[in-house]
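Look for chain A in each of the two complexes below; its partner is chain B in the first and chain C in the second.
Our next item is the complex of A and B:
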């Protein structure tokens, strides 16, 4: 099996993050690495830069990682997490402008076919193109 | 049903037996299977004005094919015949788990 782009799901809620990852695994299958994080380290709602970095590492692939986020802070914290990666890996992680559930399923479907990171991002963002 | 149209173009059609039509999970399976082929593959609900790229999961999900409708499939390219046969089989067998 060739490498496939990894998927990271970042929500303010750990339940939403886990549920979205479950949907991806069940609908698309296990050939794509999916990692998720949600909530702050105290167990409340929120997102955490260190947890996002852990998730990116867990889903890491030489082909790159596509990150799907929910509301505002999830996006800014994900961008911060990307900036904190070593420069060689930074360019291999993209935050997608897409609805979290639909974007994750579509990105993973595209990734499963062996597509490039740019293709995976484009497919996830097809939904918000109009 | 599989028809040779001309050269490396193949078409087929198959009745959608899935209970709730082309919803998200079948759409993902169809797209994943389509991506395994080099051929350009398009599908449509029989008689629909536009063909849809079978490798675009967003477009396949949006096609809203209903239970009992007929799906037309066409492909062109070196593995077009196998692609049409595989997709017809996937739809006819009601998108079994593990397919695609």
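Our next item is the complex of A and C:
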């Protein structure tokens, strides 16, 4: 199997994270590595840096990982998680400025075609363009 | 300046306990203009810090601050984790390089405030914790070396919190409320004030 960009979904809600991952899977099957996490370290609504780090490592690909997030804290915690990765991986992870569900499905579909990390990010972020 | 382990321990303990005691108030403020989790998030982070208190206070000050920062990052569960985490990580980093306490206190605090600003892509006046931290930094600069420095920092922090009431939030969850965010104390500004005041009280109580 050719390497494809991995996708990570980070929501405040574990239900949304899982549901989004299900929708991605329906589109790309197992062609793309997909990992997700939702909820704070106690399991309530929120996000958790250690869970995000685990998800990025689970979806790891030599082509990189695109992270899709919902609201503010998910983005801040994801950016922090990226900085805490081992240095060889840090530059190969991007947090996309895109709506979480549409962004994840579009990013994964693009990734499945073998696109680069920059291309995957650009496709997801077109959704946020004016 | 090397900080004695017992002093560091009592300061960290007092600050964490004060935040935990303020959790209901922080939650109530956040329910008004946010998602209502600031109190429980800060409590979770501070409890994790208390759980590592012995390990933290056994470190030199720079490493202790970094350990506090990392603990908050890993346990808070909201944006305040990376924001406060970055504050303590940057303060520790400044001390690991060429900065010394007490002479460089304003510089070290300034590095920490810059890290919060960068992490949140935010500036003073947006109804955030920076609206307390930046005025405190100004007082640390202007009143450096003065005998009443601690008292002035306390006053600055308390007044700065109140100045967030008429502000309209443009960063964070409160910004979703637009003009309806006016008329409330910012919860992040309040937690910053609680931390600053607790450290001031701890320093004043030193024998």
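Before moving on, here are some points about what is shown:
Everything that follows uses one rule, which is that the second predicted complex is superposed on the first by the 130 of 130 C-alpha atoms of A that agree within 3 Å, B and C clash if a C-alpha of one lies under 4 Å from a C-alpha of the other, contacts with A are read in each partner's own complex, and residues count from 1 in each chain.
The criterion applied here is as follows: a contact is a pair of C-beta atoms (placed from the backbone, for glycine too) under 8 Å apart; a residue touches a chain by one contact, two chains touch by 3 or more.
No experiment lies behind these values; they were computed from the predicted model shown.
Touch criterion not met for A:58: it reaches neither chain B nor chain C. Once the two complexes are overlaid on the shared chain, A:122 sits clear of chain B and of chain C alike.
Of the two partner chains, neither chain B nor chain C is touched by A:85. In the superposition on chain A, A:42 makes contact with chain C only, while chain B stays out of contact range.
Touched residues of chain A, counted separately for chain B and chain C, are more numerous for C.
After overlaying the two complexes on the shared chain, residue contacts for A:110 are found with chain B alone; chain C is out of touch.
The contact sets of chain A with chain B and with chain C never meet. Within the complex formed with chain A, the chain C residues making contact are 35, 37, 40-41, 44, 73-79, 81-83, 85-86, 119-120, 172-173. Every residue of chain A that touches chain C in the complex is listed here, in rising order: 40-42, 44-50, 71-73, 76-77, 79-80, 84. Per the touch definition, chain B reaches chain A in the complex via residues 24-25, 28, 31-32, 35-36, 55-58. Against chain B, in their complex, chain A makes its touches with residues 27-29, 105-106, 109-110, 112-115, 123, 126-127.
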